[in-house]
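In order of appearance the chains are A, B, C and D, and numbering begins at 1 in each one.
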Amino acid sequence: MKRTWRIPKPGAIAIAAAIGLAAHAPAQAQETFRIGVVSFLSGQAAESFGIPAVNAAKLLVETFNAGQAPAPYDKKGFGGMTIEAIYVDEAGGATKQVQELKNLYDREKVDAVLGYVSSGDCLAVAPAAEEMKRFLILFDCGTPRIFEERSYEYVFRTASHAAMDNVSLGRYLKANNIPVETINYINQDYAWGHDSQKDFELTMKQLYPEAKTQQDLRPKFGAGQYGTEISALLSRPATITHSSLWGGDLQAFILQAAPRGVMKRSQLVLSAADHVLPGLGDKMPDGVILGARGAYGLMSPESPLNDWWFSLYEKRYDVYPVQAAYRMAQAMLGLKQAAEKAMADNGGRKPNSEQLAAALKGSQWQSPGGLIRMVNGNGHQAIQETAIGRTKYNPEKKRVDLVDIMRFPAECVNPPPDMKSEDWINSGFKGAKC
Amino acid sequence: MSELALSARGLMKSFGAVVAARDVNIEIPVGQRVSLIGSNGAGKTTFVNMVTGYLRPDAGTIHFDGRDIVGLGPRRITRLGVARSFQIPQLALDMTALDNMLVAAACAEGEPSFWQPARSPARRSRAMALLERFALAEHAQRRVAELPGGVRKLLDIAMALTGRPKLLLLDEPTSGVSVQEKFPMMDTIVGALAGESVTVLFVEHDMEIVTRYADRVVAFYSGEIIADDPPEAVLADEQVRRYVTGDAVRAEA
Amino acid sequence: MHATTVRTVLAGGLVVALLLAAGLAMPDWLLFLATMAISHGVVSLGVVVMMRAGVVSFGQGFVFAAGGYAAALVANQWGVGDALLLLLAGGVAAVVLSLPFAPLLARYRGIFFAMLTLAISMVLYGILLKSVALGGSDGFNVGRPTLFGASIDGRANFVLYGIAVVVVGLLAIATRIYGDSVRGLVSLAIRENELRVEYLGASVRRAIAANYLIAAFLGGVGGALTLLALGHIDPMFSYWTTSGEFVFVAILAGHHSVLAVFVASFIVEVVRSFSNLYFPSTWQLAMGVFLLVVIRFLPRGLGSLWADRRPRAAPAVEAVAMKEAVR
Amino acid sequence: MLALTILIDGVVYASWLFIVALGLTLVFGVLKILNIAHGSFYAVGAYATASFVGWFGALGLAPEWSLLAMVLAAIAVAALLAPLVERGLLRAFYGRDEVLLVLVTYALFLILEDVTKLIWGATPYYVSDPYMLFGTVEFGLLSYVGYDFMLVAMAIVCGIGVWWGLNRTRTGKIVLAVIHSDEIASSMGVNVSRIYRFAFMFGIFLAALAGALTAPMVSVQPGLSVGVIVVSFAVVIIGGLGSIEGAAIGALIVGLARALAVHTWPAAELFSIYVAMAAVLVFRPEGLFQRLQARKI
């Protein structure tokens, strides 16, 4: 951060800022397309989701503007318009996010906002954008509630919600007919953990009606110390242990659980864990079953588009892209396609929020992680295929590979448009195509 | 014998091994001006603290206005009409002298109002009047932190008097005041009290002060009353000479 | 009515009128920012009310959340839409929830008061986090309120700003009147010398409890106001960092001026908003430095720039000595 | 059996808590500052350990040496940061209101959050080799990592060390005098500001050491600091601010309460700490080991 030296004069910042926006606000009306990208740049979620996502966004903005992305994404910028991105930290709570969202639209005059990892933030900003009638893409957050509780005109989510993650986990166990008599749970004590635990439990009720829940542990978010929980897991080992832990918490849990043999006594199944593999390396025990919230990273499908993306990202950041990066990529690609379609419909002129929304609604596009289709939530909620695999350390490459990968088509693990995910699971996955 | 302002019977108080009050009995008729003397640790201030509810006696009764006040806290006792000043003046250092007086007036109201302005002209003039009686008018607008010790002492007493107490206890009003200042100061205090029908009990080390201003002197020694008579008699008393004044004078020097 | 009171009311009314006028000229983002500054400022105003009696609450998030959730539930469960009713509900709920704690907390001072209030707010945070019915940590959304039965859509930003200015303006005026009142002066004296206040016949605990409840009402209204403007609520309302910001604004403002609280609140919102945008990955650093600069160079707060006529505070030693005497 | 498990888990967690809280309570005792940034120094300690262990590894030293690396890291953090913060920042605020000082350290916390990010970036560091140095201990169904018991030992060493240092050494006695009343101490010719510097540096050392000892069990990355702040506050408040034995008891109470919750009623884990804290404060307003100052008028 070269600019930190300016900080001691907050007044100056405000003034400089004021001048700055006075200068640019009207100027780039036509030839540039401004996007606001919001994700965690500080706090627990920065390392695992926020920063990979922002890195992906930066990389793609460059590549798009240089017109170096493969067809059909090879037009410069968005249909010739140079992309200009503003990055905002998602840390600080929903209040701050709504405020920043309004600032982005009104003060920074952005044409679209992509972002939000936290479900709480998504729930908060969605109505705000809708009310302002401004175009918003939620790229990552998990809760199904967003489009199940109400419908939106201007808000989209370009990735499947969290129900898919746990349904596919259950299906993987069933498909590999892994016997399950008892289940232990360890999930963070906040909505993500609660919902994941519930989704998996309901799924298992359908697939393994006789399986019994034993321990249902709820360590607090950011606990860091799992000694006590691990003892609890060991004192009543279950056939499988389910967890939706992520980021630092998951890494700490694995570092502390592996030496104590949790993974030896019980099959560990993780709903969203691929992002910890590059870091953990050989500290990740073999045979752990995990998902990536999509067909991402080492489980991404073979395709020229994916090869391009995988190597592009790996070259730039010398670590391969994982879920957050993929999810940002599919959001950016979806926006690019929508923007260019809307532009065409608009006679080559820059589209407004309505036109962008119209273009994205119900559309579908190829992404590194597979085909994205905006079919749920009345054309506003994407469904996508996903994959589950098993960890196996690869000494030559010095990285954790994923083996026994099994793919699940979108309709197999996502609820149909007319059903809430929870009802769908309870209905025994009515109409699921596997 | 006229009605009693204060009567203490069989007061006992000890801190661990130290006995601060052993069977203390005092009866003080309304309007009298009594001085408590005794060397440091003799039990004077302990007595004051028991009367004002700061300390609870281990045994004995304290009647004020014919009512037993043992077990009541300082606030309740103050509300009954007992006020005190402090050896170290207890003031709001960061406020002006006038504001301190207004605080005293505000507290005297019991359940202070949430909306009546504390600095209304009426209140100010009442406070100023009292300040003038203590010759403090010139300091009214100065912050207490900047005022000299003697002035703080007077202010401390003026605040105590604001609530129109029936009984006023002064804890060493002239301690830490220079020899030249002490008589003018006592004159000011006595002058200020003149108007009020208030019984005064003051702890004092200085025998000249005692002889000049007290109607009656009560001498303490290691928690016991060893003499209780008009000044001359007490100061003539053998024990007092041995245990109090002699030591006292040296202790003070 | 007393002269001072009249003066306060007139001055307050003038400020409110000016702010309303200014609102007409503000862009939406500024309107929203100002609304936030006001709705957070009124919570800090509560902290200031407590500060005047020498105690600081690190748990105002408790009443902030109480007010917010109360208003949200009243709106969603009972379908009450009127903004003013919801604000009232928020304030009342916060007071009711604080009532049991008031006598307990009145026994504590300094760091212990701060930490106990913090503990209370964190327990509420935990409860909210776990209450699935309330959306857990994700919280839930509330639709736009109405005003006197009329929909406010379209001009929502301005109307909400207006409501904030008027309602909080009234509360601020009331607070100022309280500050100048007999009881207000007693509070100030408690901050300086508790013991003497008791010896003058006033109840310190009752005074502190009263301030705590007043602060609770202000905080509750602030929470409800934030909810209305935001349309969303979640347990972060009760998190300790939220409470920390209220204290920060209170310290920044100092306890000499009511207006200063809102100026401070506004400055903080602006600094946060711009540093967040212009230094996305070092905005915490910016806030921290800003905080330090303020505490260092405005020891008695912004308000001391205009409202505090008196010279510097007594030297620390003296203050300490007094505190000792008070114990 | 369950009771024993709860006891062990509780004690292990308590030991970790104690090491974290010890420095906090010491700094408060001497400087009267409730240091929110204590959590940040803990985090910096963890990061420094990551770097040091990395360098030791680069030098080809055996994993055993990483223990030394931890201590060195903690020392380095204390030696570099403490004077900077104490001289450059805190000194300006001595004598100011306790609560204001809390806010100062809150600002410091915000700053250090970003500074650590600027220095070490956001990618996680792993220093898990030391974690396996002490092998594992089979225990019925359970197996524990020897490192956990090493933590218990460390906690005892730190506790006894500090207690001995305070009560049996000259400097310690002076520190105690300052804890009792810095005015009296200075009037007796004690160089109080030197004691402040010393105590603060030692407090930071303990915070950094706690971070160093934790680093092997976690992935070192942003957000490490927040987790420990409130919990270590709870410990010292329960024990009584500025009291060593209090911190120990507070840590045990919190540790056991949490272990009990996790094993018998997992849903209540979140509250266990605050409930313990509130409960203690209601009955002992000043904490368990806080000597009440004698009132004098």
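Here is the rule we go by: contacts are C-beta pairs under 8 Å (C-beta built on N, C-alpha and C of every residue); 3 or more make two chains touch, one makes a residue touch a chain.
These numbers come from a predicted model, not from an experiment.
Asks: Enumerate, in label order, the chains that touch chain B and chain D alike.
Replies: C
Asks: Where the centre means the average of the CA atoms, what chain is farthest from chain B?
Replies: It is A whose centre lies farthest from that of chain B.
Asks: Per the centroid of Cα atoms for each chain, what is the distance between chain B and chain C, given in Å?
Replies: The computed centroid separation for chain B versus chain C comes out at 42 Å.
Asks: Report, in whole Å, the distance between the mean C-alpha point of chain A and the mean C-alpha point of chain D.
Replies: 36
Asks: How many Å are there between the centre of chain C and the centre of chain D, using C-alpha atoms for each centre?
Replies: From the centre of chain C to the centre of chain D is 32 Å.
Asks: Hey, what residues on chain A touch two or more of the other chains?
Replies: 1, 4, 42, 189
Asks: Please list all residues of chain D that touch 2 or more other chains.
Replies: Counting only residues that touch two or more other chains, chain D contributes 113-114, 117-118, 267, 270, 297.
Asks: Using the touch rule from the top of the page, what residues of chain C touch 2 or more other chains?
Replies: Counting only residues that touch two or more other chains, chain C contributes 129-130, 195, 281-285, 289, 319, 325.
Asks: Flag every residue of chain B that touches chain C in the complex, lowest number first.
Replies: Touching chain C: residues 52, 73-75, 78-79, 83-84, 86, 88, 90-96, 99-100, 102-104, 106-110, 112-120, 143, 145, 159-160, 162-163 of chain B.
Asks: For a test of understanding, state which residues of chain D touch chain C in their complex under the given definition.
Replies: 34, 89, 92-96, 98-100, 102-104, 106-111, 113-115, 117-118, 183, 230, 233-234, 237, 241, 267, 270-271, 274-275, 277-278, 281-282, 285-287, 293, 295-297
Asks: Mind listing the chain C positions that touch chain D in their complex?
Replies: Touch list, chain C to chain D: 56, 58, 104, 107-108, 110-112, 114-116, 118-120, 122-123, 126, 129-130, 195, 240, 244, 247-248, 251, 281-285, 287-289, 291-292, 295-296, 299, 316-317, 319-320, 324-325, 327.
Asks: What does chain C use to touch chain A in their complex?
Replies: 27-30, 32-33, 36, 129-130, 132, 135-141, 144, 156, 226, 230-232, 234, 236-237, 239, 242, 267, 269-286, 289-290, 293
Asks: Please name which positions on chain D make contact with chain A in the complex.
Replies: Per the touch definition, chain D meets chain A at residues 1-2, 5, 8-10, 12-13, 16, 113-114, 117-118, 122-124, 126, 128, 131-132, 136, 141-145, 148, 214, 216-219, 221-224, 226-228, 258-259, 262-263, 266-267, 269-270.
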